[in-house]
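Below, subunit A partners subunit B and then partners subunit C, in two separate complexes.
Then we have the complex of A and B:
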């Protein structure tokens, strides 16, 4: 009995050894079967730094990509650090046409010897022509493809987007970088692919994208050395561009979106000679929707603090009385800007601030009933703007610089 | 083929009979013969063709035959001539008492032992103690006059430091145990010795502090040591490999040190020390993974410094294991995971490189290992030449020739330096070795492979034990009381409890509440 049991154990042992060795062999094959084949070296990647999508006159889609040329900043195996040739381009722009974006891309791939890699493309530019006819179809590709980042910035260019990619900025490595850096300064709108998707699917179905164009090169600069800059906002109804906003109106939009960061408000206090410039350092914007007796109204409450960066008047701002004057002027100015923007938006019927969402959150029932009529409601809506402003800092000096003591007014 | 592999594995399992023939000569347990001449005959035949064994015969009281047998170079010839030969040869009067009593009274030698068997005699002679044989009583004396050339106590080469004792262990076991005893003067320090190796008969000593150590640990170590049956023990590394818990692990489960202060601190923590004749490297058991990352200086410097340096070491240990594989994985599979600017400059520097990143990394890492190994073996003067050539070839020429990218050189350099940050050389090597499979995994499966490797290593480490102590303790299993010596180096006035290794003997090592405060000394308590 015991002997038999022993024999069984030996046989089991043999079987176990066999299975272990089979498992080991299978495990050994894993590295060779999977990974190696989709391995792509950096040398074989065409790193896209920016892309633009235009619509041709014949209705076809033109995709242009700005591809980084590694050789341009490499030491090329020679001596010395990165030797960036003065005129040498760091990027190259290739484009091709197709009936939609993916077809254009597959054709384009045939012209680029390396695999197109979207993982670092942080700038997508829609040409004005395409934007006017609708961007939804092409957006689908960008959001579906695993490589393009959802955090990439989206822009609309005046004229063709390809021109933006082709410019060779003197300061940055490539033009995509220029627009991205400008967006990071928060001087204009900053909209990512993800935001765009949210706005399109949101309640208001209105989109605002930064509008860019090429700043013509200064005297003495080469022809292509103009840089792209954000000069306003493109307004969309659903996915079609319907209008634009100027830079000034964009500022008001930034206030409404609570995205004010670094720009200077220059004011002229009433009845006083000279100008005061103020930098907002913090702001808090609350948009409160309410429905009273069937009247849809919205109240915008802005709480802002600023710092004086230039005082061209003779006012001594350390005196509360004078400070009050400056604060009141500041408050009026902000209010005016916001009203200007709202007026424009309401005139256009583009709810890019997302008021629809605010109403939907607070009054879901009423909103659902009135949803189809939203555009009219928005256009006729009463808006209260309530700005509270304070000046908290005055920089290194208190009294106006270079002014004799007796000329400083304490009022 | 698979069946054959199975068969091979099966064959291995068959236990081999012990067919080794141990050293036959030294076996005899026979007692010494009553006849002096027959004894001399025996020893002459045992030490046949041993030109270093000296036989010096003389007469006691002018008539009794006597002989001294010793090994040249192992015994103090001056002492022998002065204290033994001259005393005995000048003695003319026949003693009235028995001869062995007379010799014990007469000889001015402090360490004398009466020996009765041939085996004892051989042991005495081999140890350098001259054997005194005389006619009549069938016994002899082992005279404690051994003396041989040994190295002076020097600063330990492999474990230097800024602060702390500069003494290191040497090759002589007696000197080493004396150094331990000089630090720990309490009689609770016990040193038990045994002889291992059929031919070398190496003395191996287990040191521990009675009352601090768990005695079952000592029993276990003794048992494992006694299982060793081999020709010779030349270094403590032999023993280390023979008594480890898991022989198939790249990680050392027993630590070696050549510093008496490190050995003493281990003793005070309730660990055991194994000293081996002929090597300055003594073994410490049991240990945990974190012991390998602690250096004696952590405890000598201020505790904040100690803590910061310890964390620096942890970070660089991870780097030395993972940096090249992460670099390879990100470069070949996850180009989107690096910041754009960095990717562009890496792409630019890799532009001219003809190899895939994994090949490039392997080439560089292997070259670095080769250079390091060459530098260790070579004499100092040539070693510097090697490092110059290495730095020039690896660092500059290969980048200029476009064979290797500059970031890769930086990665290899950081990895190389970080692997030298491990205070225990052997642990650094273990990590360095694991780097290569990790790189292969990274080159084939990307970050997924790296994660698989890390998980496999973590599982292995959790599984490992050193003389029953979990290798990752006190982190896993978690012992919050002991984290004070892992997550940071607690100041000495807070290091109140001893690490719990295998038992709970004598848990506290200092009185509580000793934190220094101003005026403390002059105040009455």
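Then we have the complex of A and C:
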């Protein structure tokens, strides 16, 4: 009995000892909880919404950042849209010059009271001057630094990139948002930082980036209220910009890249008065490389469906014969666009479609042997374009609008 | 020494994160350097060394039930040689545990806690693991069981969210340069598979010893499947740029933009990384502590947990000078080091044990007429 009692007290003592030591150890962990070194308050951050990198005439790099001003949103927000001057602006643009991007950034940091934060930067603009001399050196910073996202979109601006950031578009909060939204509409190419990296390290060594410029403000708008928009494509050989493509040629490129989403094809059927507009709803593009008897050839197969959105001709599209005419014209038009783009690209030897990659995937051995000669092969390559088009829907009316019954053809 | 018991399932759940945790983040890039677009095959080739290692560990344990390698190596090749083998194992495990802690902290400091001194990240993790190891194997097993969803669910969510960005065509060309590149690529993941020898420290404490082999093999298969899936996802998203990234899976997670709403998913990777590293370091730590106690013939391993913890932090801190060094070690040294210690040495031991057992049997049956058993 006594023995047992003794044992219990010993055990109790051990228990008490244990619990005290556990509490002490728990207290010891408290200093680790706060993470003092990397504590970041949101009001210590300068959130970059867009950045541009330009090259000055003396060879130095100019970095401009568009920094979000939190005050502008938190104080009511609805202050009657964009007021004139700096008062209503939601962002401010700061820039500085350095011998490379990171030096420019460290100098720039001295002008911004908060820590520059790249995590939300969705737009990177390379100025035309820098693009022509090569972007690889500055790209290294963007891919190495843990903050900038590979998802961010990359552009080349006509003239200086800083001007794009400085514009104060009336509709969106800041110009970075405008370009990003325009890219989301698939009106031009949409290239992310990762895509750029992939194109540069890939087989074809050619890059296409969306080319942007500022639409001058309309009458009555303030001076800076221009809107940046995508008006073509900048073509790169390796990391240096060598040329551009017009908006029309860019659309052909979009067809080839299977990125056609939101624009309208307007056609003029042969021998018939008036125009028909078609909205491509879905398209499927297959690029099939062939090597036959040492001849490198590519067959582009496009299968597209569209909806009629305007019919200015007198054709009644409910009649199979008329529908055939419209479909054939649609098919020819798409083919023509693709050919136009190919002509341009092959003329310059810029394989931005990634045909080299397609060949490498199908014929790795032959490609590796011919890799050094790829540019010549690409320029001389025969391309078959085979478009199948269907018009699936005609909208809410089944005859050309406002036309007396007897004037409609093929009733 | 260890009075706790674990089930085979708990053992499997301890081993799975132990191998996968550090293998999914940086290894795809290293493998891609050798195997180009075929790097997804490498874990399949590499897994054979995993099956072999588990087989060896289970066979050895069958010959000497209830003992770990530290104990039975003395029985197989004599006391002094056995002690030397044991020392090799212990020094290997202390060093490797230190390097794993360093690897864990290196990633955390590289991408999240940039200004934090690395020693703080390392020490706090080892402190946590020391608590678990001090608590015993049973606590560790239960912890692993508890954490496996935290480890698996973020991976699954990640793969679902990244689905729109997968470009399946990246897999071509398959085996453009024959089987050699993916075979070469499998050397590095092979090093990770040799870590399955840790099973040797867990087998003695299984409740259901018969299932040990089956669950061990299943774990190797699960690890292989996970690595293949991870490598495929990385390949489909990053394509030819994979080999230039230090943490390809991190880049994949950052690339997610699902419905313009699910973005910035790196916290998932962080969850996988921290939980996985926690289980991994704990299991290694436990093996080290148990092994050291057995080697020194102590009655309990708990008193040496704390000093060993300090020792591990110091090895991790001092044996590598920078993250480039760590990558070089992982590529050039560890696969061979790991394979020699964790696969070749046990293989030798098993061969010697089998031969000497046969001799013993023959002798016994020659000298005494009574049949064995």
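As a convention for this text, the second predicted complex is superposed on the first by the 367 of 411 C-alpha atoms of A that agree within 3 Å, B and C clash if a C-alpha of one lies under 4 Å from a C-alpha of the other, contacts with A are read in each partner's own complex, and residues count from 1 in each chain.
FYI, contacts are C-beta pairs under 8 Å (C-beta built on N, C-alpha and C of every residue); 3 or more make two chains touch, one makes a residue touch a chain.
Not measured: the values here are computed from a predicted model.
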Query = Does the superposition put A:119 against subunit B (first), subunit C (second), both, or neither?
reply = both
Message = Once chain A of both complexes is superposed, is A:406 in touch with subunit B (first), subunit C (second), both, or neither?
response = neither
Request  = Go through the superposed model and pick first if A:111 touches only subunit B, second if only subunit C, both, or neither.
outcome  = neither
Query = Which partner does A:194 reach: the first (subunit B), the second (subunit C), both, or neither?
reply = second
Ask   = Can A:150 be said to touch subunit B (first), subunit C (second), both, or neither?
value = second
Key: Partner touching more residues of subunit A, whether subunit B or subunit C   = B
Query = Which of the two partners, first being subunit B and second being subunit C, lies in contact with A:361: first, second, both, or neither?
reply = second
Query = Touch check for A:223: first (subunit B), second (subunit C), both, or neither?
reply = neither
Ask   = Common interface residues of subunit A with subunit B and subunit C?
value = 25, 32, 35, 38, 119, 149
Remark   = Touching subunit A in the complex, subunit C uses residues 110-117, 120, 124, 127, 131, 169, 172-173, 176-177, 238-241, 244, 251, 254-255, 257, 260, 263-264
Query = Which part of subunit A faces subunit B closely enough to touch in the complex?
reply = 13-14, 17-18, 20-22, 25, 30-32, 34-36, 38-43, 45, 47, 49, 68, 70-79, 82, 117, 119-120, 122, 147, 149, 173
Remark   = subunit B residues touching subunit A in their complex are 2-3, 5-6, 9-10, 13, 331-333, 335-336, 340, 343-353, 356-357, 400-402, 440-441, 443-446, 448-449
Ask   = In the complex formed with subunit C, which residues of subunit A make contact?
value = 25, 29, 32, 35, 37-38, 119, 146, 149-151, 184, 192, 194, 197-198, 201-203, 360-362, 364-365, 368
